[in-house]
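Questions regarding the structure given below will be posed in turn.
We just call them A, B, C, D and E in the order they show up, numbering each chain from 1.
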Amino acid sequence: MDHPVPGTTEAPSAPQQRPGRSLGSPEAPAVLATDALTWRIGEVAIVDGVSLQLHPGEFLGVIGPNGAGKTSLFNLISGLRAVTAGRVLLHGADITALAPHRRAQRGLGRTFQSSSVFGSLSVRENVRLAVQAHRGGSMALWRRAATYREVAERADECLAVVGLGARGDALAGTLAHGEKRKLEIALLLAGEPSVLLLDEPMAGVSAEDVPELVEVIRDLTAHSGRSVLMVEHHMDVILELADRIAVMHHGALLACDTPDAVMANATVQEAYLGEGL
Amino acid sequence: AQGTGGDGAPVKVGLVYSQSGALASYGKQYIDGFKAGLAQATNGTNKVNGRAIELLEADDAGDPAKAVSAAKDFIGKGVKILAGSASSGVALQVAPVAAQDKVLFISGPAATDGVTGVNRYTFRSGRQSYQDVLAAKSFIGDAKDKKVVVFAQDSAFGKANEAAVTAVIGGAGAKVSAILVPASATDFTPFASQVNAAKPDLLFVAWAGTTATAMWGALDQQGVLGSTTVVTGLDQKASYPVFGAAGEKISFLSHYFDGATSNDAAKAASAKITGGLDLFSPDGFNAAQMVVRAIAEGGDDVEKMVGALEGWSFDGVKGKMTIRKEDHAMIQPMFQVKLVGSGAAAKPQLVKELAPEEVTPPAVAMK
Amino acid sequence: MSTIVLMTVTGLGLAALYFLVASGLSLVFGLADVLNFAHGLFLSVGAYATWWAAGNLPGAGSDGWGFVLAVLFGVVAGTVVAALVELVMIRPLYSRTIEQVLVTVGLSLAGVAALQAGFGADPRPFPRPSWTQQVVTLAGARVPLDRLLLIVAALVVLGLLLAFLRWTRYGLIIRAGVENREMVTALGIDVRKAFTLVFAIGGAAAALAGALSGVYFGSVSPTSGASLLIFAFIVVVIGGMGSVLGSAVAAVAVGLLQQFVNYYGTSGAGDICVVALLAVVLLWRPAGLAGKAATA
Amino acid sequence: MTATPLTLLKRYWPVAAFVALALLPYSGITIPGLFDGPLNSPGALQVLALCLVFGGLAAGYDLLFGRTGLLSFGHALYFALGVYGTDILVTKYGYPLPLAALLAVLFATTIATALGAVALRVHGIAFSMVTLAFGQVGAILVARDPGGLTGGEEGLALNAAGLPDMFVGVVNTVNLYWLALAYLGLVVVVLHRVAQSPTGRVFAGLRDDERRVGVLGLDPYRFKLVSFTLSSSLAALGGVVYLLLAAGASPHVASSDLTLTLLVMVVLGGPGTRFGPVLGGVLFTYLDHRLTDFGGSDAVDSLPGVLAGPLSQPLFVLGTIFILAVYFFPGGLAGLGTRLTAVRRAVTSPPRP
Amino acid sequence: MTAGERATAPGKPNTGRTATADAAQDADRTGGSSLLRVADLSVRIAGLHILQGVSFEVASSGVTVLLGRNGVGKSTTLRAILGLTPRNGAATGSVRLGGEEILGRPTHALVKAGLGFVPEDRCVFAGLTVAENLRLAERTDTPDYDLVFGLFPELSKRAKQRAGSLSGGQQQMLSLGRVLLNPNKLLLIDEPTKGLAPKVVTEVAEALERAAQAVPVLLVEQNLAVVRRLAGDAVVIAAGQVAWTGPGERLLADPALTKSLLAVNAAGGH
């Protein structure tokens, strides 16, 4: 293995706070649930009746071929796209009609597949903006942002967690790709979300950095009982982190089960992993 | 050096008028007229009481803000006499500035009635809308129970005309109504139809701007011009062709056109101005005559200048001009005209000269 | 009844004028993403060139074939100027859309001033065949013939543009380019030529609109282009940027609305209603009636 | 860090520049060619004051355009509300100037909030078009002279009787100059503070990536509305100062041309930079005023007709300068400094491997 | 970091051939008959150094596969060859087609000169019909519709359908069909099986195989099964540089090597 992830060989030692598979049981209340979620453009269903449950503290991996609709699913959950049909429930409340920022205020945080940071702000300003957003988004026009001590401190903490402490003054637009991904995670952290949607956090991260980033993600989720929905093409990362794996294909949910079961599933084998040839 | 300071120091006169912008051609007529008038009033010496007249010129581009800046600049440079303003907006906004600093202001072609009596330092060298309307009234004879419709731009200019018609012709017993058309209108058919529906005995049209041809076309096409007497003011030479075939069906009142008069002043002006006189040449000519009078009698004392001009009568290009003492209105003759020939061949022909007394606006109180 | 017929036909005439201005604007926006503020200048160029030709070009005049020749000259002038503008000013800024828009803003300022310097600010009487000033009686309404001329011209232009877009190779390129410019290049097509072509077509349509607006207004002035441009913008946006058919529909809506409100409502409420229509359409369908597509 | 004169100058040069501008009327310097009188002559002060007002207006517009990324084509409306609102209250209703100005700015702010709330529901070019349309309604209303309030195309001269003496008369042009300078200073300070405030940070975020701001849990709409309203009220305040300078209101201030002019100023100076828009506004206004003289000058008249004609049209020259600026200084005048520094560095130090 | 350092970077396997910037060395391997030579190609986009001196060659027959993890810059390489680097980016280095330098030439000229391109996300024109999409791509008077409709009969059946309403697989066929209409010197094909159902993947692979008999192909492909079926030579890109070149079979025969270079499970597709 090129980039051995610490703990690969001891997968069962996943942190105790993460009840993991035991919570996959249907009776446990879901933190995030989608109910027959559908998004159509014209006649084409990009997301097609997806019903998912994410349980407290659970780490749910989402895989599927390119164009299966994973990012679109995230866009529906986070509110960037309006659903055609179906519902999104967060902590049991229907949030289908809420604007993105309202969902974020309720603890839903996300990253983007292609890095999305505020390029013309410094790294530190980026995170401060995120912290400030979390702290209620005061509309103060006059007070210098720099005078908000706690905001500044919290921002520096977040940067330190992802290992960007030394890069605070760089313009975010000038960061290398991997650093941008870390910054995105710091932005996410700042919001102290209870549910995380991570869209291919490893994409574009150089191999050497993958283990480090995996650790950051594990830290994010381990301490707080946060729940995570993560799209990732790196199967080893998914297998390493996920409690359950959902497989999407042509917009629909093909399977959602434990990693072992998913890897063994014949349909999944065929549609995603499978040997077409 | 007040009043009699004939020590030979030049007198500065500030001319603020449109050299560029939409009213540039009015500005040109004005300045040509002014220079011709200055030459005539000083017998070609350009001097009054031995003092040379130094002209400072500024372009307002039709923008009052630019005009005010230029006026302040001139006043700051010691100018005691300002003249110019082809646009009503410029005249109305420069007048108070002149009054604040107590300098003489002789407004030019701006037709707005608002300049008359606006303050004691402001005079006008041209006619005002009210005189146009009085000239229009001369076309209907007895106004009693006649139905008069004003067809005008929905603007200050149009509304002023409407008000004047209501006062003048309505005051003489006619029923006056108005169709106000947005200045930005592209199609005039709806408004022409409204005129038809109103069936007026006299239609008074007050229109300025680039859409005149389309407006006349629509009136003609909807049969308005054939069915009633239509009166309007005759604009500058360049506009004669815009009436197209409609021109011969319209009764024009005219402030001035080339050939309306042939007195000494008109001859002097014609000799000086290449290309001939036009609508606002007399205004410039009058202004120069007034400037010379003001300097001759008042020297550097503006109050004396005002005194010298109030009530003064003189022979201008149009004929006998009188500055009314009460409100500084310029009492002057007007003309009834018809256009013969159409298109490029259209030429105005004098029908009747209206004596100054026939077209004297009522005096307003000086503010 | 006759009033309704009259308002309808003249409203459609107005719509035709708006459409002629808007169609080129819309095409250029669709393909090149440039909101072309200089479009009014192309219109004025067409009008002044026609005016000039009628007086100075041998064979051209204000009636019959002479007039057709003059209009043709105007259209060619507008086309050439538009193509030159694209080649010299827009092309070097390829894919810097904001800058392209800014350049057209500068051009519209400078161009009007240049026309003013060249021809004076005063309206010039426009040569027009005398029959355009006649009326024909339709159901009791005296319908001016120039409106019918405009309507016919607009229909012809609409038909030509749709046929061009649908059936010619360049039309194909333009429709494809509206969707994905880069991919057109990757098929071995020099899309920049298509840009120049679109500007030229836009310029031709604008110049034709200019010449016909000369007939309509009976005069040309340097600012007449700019005053039509605002309504053309509104038509383009209501119709959905890039859609020729959308522009046609929007032009009809705007023309009729303006005409009827101006007749039945208080004076000048028509303009305000058009603005209200724009706001309502955009709030209801932010991409305009047709969305972004080069045909429908 | 030790405060060497150089670092002090670097940090405080805006203050120094402000003080220098404030003291300018006490000096009798003449700058031949630039102003044809001493700088403290009323003519020069008037032009300088207009430059300062437009510098402030451009900076206020840049809050919207350069700092929040919103391209409005209807900004003139709020400027006009300041101009006409104050003028009408003073001239038609006899309010004292301060009260009239306050009411006009409040009114403009209210209208901006209401119209912004509608326009901001759409994005991109659609937003620009809705603001253009609203602005157009404003221009139509002003031209139509409702109730005889605006004076239509003639405009409305300001009644000097309602003004404090310090603003009346040509000798007091210097007070107007200081007022304009104070306005500019206020705008610059407000924008500077806003840029550094939490909200300013959100504005910058909106300019970069609106969708991302939403996902952070902030309502982009609300913040855009704040930017729109603040920018509009600064414009209205500028309108008050402009009204005093121009001694009246004319419909030009409500036209979409005025908004385009502001856009030109901002782009000329450098959008999103601290002093670029101010510089652009000052330069443009100066040229706009001086070019009318230039157009009538003998130098131009003696050129052959083909050249003399267009060159005597100020707008032709300005349009051309603007086009050239777009090509040759893409970052505006403010970007010029850094580009020159880069060039100097490239020339003086050996290229790095 | 230079290419030389890269090759000996820690954690890199030394089993395979190491990358080298010396293109001539590679020429030996391909028997000197290389059609396209990419040398020291660097691409920066928006300040990011995405390709950092990539050098490889494409043989004048058969399929050369470009491999690498998501986001390493495979598509960027193809696009840079074709001059499609975005405006906020710049490409430097050298790309020679049959000995002639082509870097910096306009895309349309390159395509006309015989570089057919099938982009990653298909890029069919959704508003145009299938027939119109094909017509747009015609570059000769005698487009080879027989070949295209022979390969993809579906396309002739759906000629009047709007391309936007085609399924992903059909769109991919259309995208391939567009380039196959014309004679080409070299086809640049970016992930033709992306997002396709396995059955369609097989079909596309077959079609590619047939096409490759006539024209050399530079193929980006993540589906190792497809790679296995088609590959002649393989070029692996990692961290902006060429990490490995050699015969495709050798790469695939060594699961450890595959996994280390591509970070995908050799058994699977993606």
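Here is the rule we use: a contact is a pair of C-beta atoms (placed from the backbone, for glycine too) under 8 Å apart; a residue touches a chain by one contact, two chains touch by 3 or more.
Since we're looking at a predicted model, the values are computed, not measured.
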Any chain touching subunit A and subunit D at once appears in the list none
Name whichever of B-C and C-E has more C-beta pairs touching across its two chains. B-C
So what's the Cα centroid distance for subunit D and subunit E, whole Å? 53
Where subunit B and subunit E are represented by their mean Cα positions, the distance between them in whole Å: 78
Interchain centroid distance [CA atoms averaged], subunit A/subunit E, Å: 31
Hey, how far is the Cα centre of subunit B from the one of subunit D, in Å? 36
Multi-chain contact sites of subunit E, meaning residues that touch two or more partners: none
So which bits of subunit C are touching at least two other chains? 96, 116, 268, 271
Residue ranges of subunit D touching at least 2 other chains are 140, 144, 312-314
Complete list of chain pairs which touch one another: A-D, A-E, B-C, B-D, C-D, C-E
Residue positions on subunit D within touch of subunit B in the complex are 37, 41-44, 46-47, 50, 140, 143-145, 148, 151-160, 168-171, 173, 242, 245-248, 250-252, 289, 292-293, 295-296, 312-314
Subunit E contact footprint on subunit A (complex, rising order): 1-3, 42-44, 65-68, 173-174, 176-177, 200, 203-204, 206-208, 233-236, 250, 270-277
Within the complex, which stretch of subunit C touches subunit D? 35, 37, 89, 92-93, 96, 99, 102-103, 105-114, 116-118, 230, 233-234, 237, 241, 268, 271-272, 275, 278-279, 282-283, 286-288
Partner subunit C, residues of subunit E touching it in the complex: 82, 84, 87, 106-109, 111-112, 117, 119, 123, 125-128, 132-133, 135-137, 139, 178, 182
In the complex formed with subunit D, which residues of subunit A make contact? 78-80, 99-102, 104-105, 109-110, 112, 116-121, 125, 128-130, 132-134, 137-146, 148, 151, 187, 191
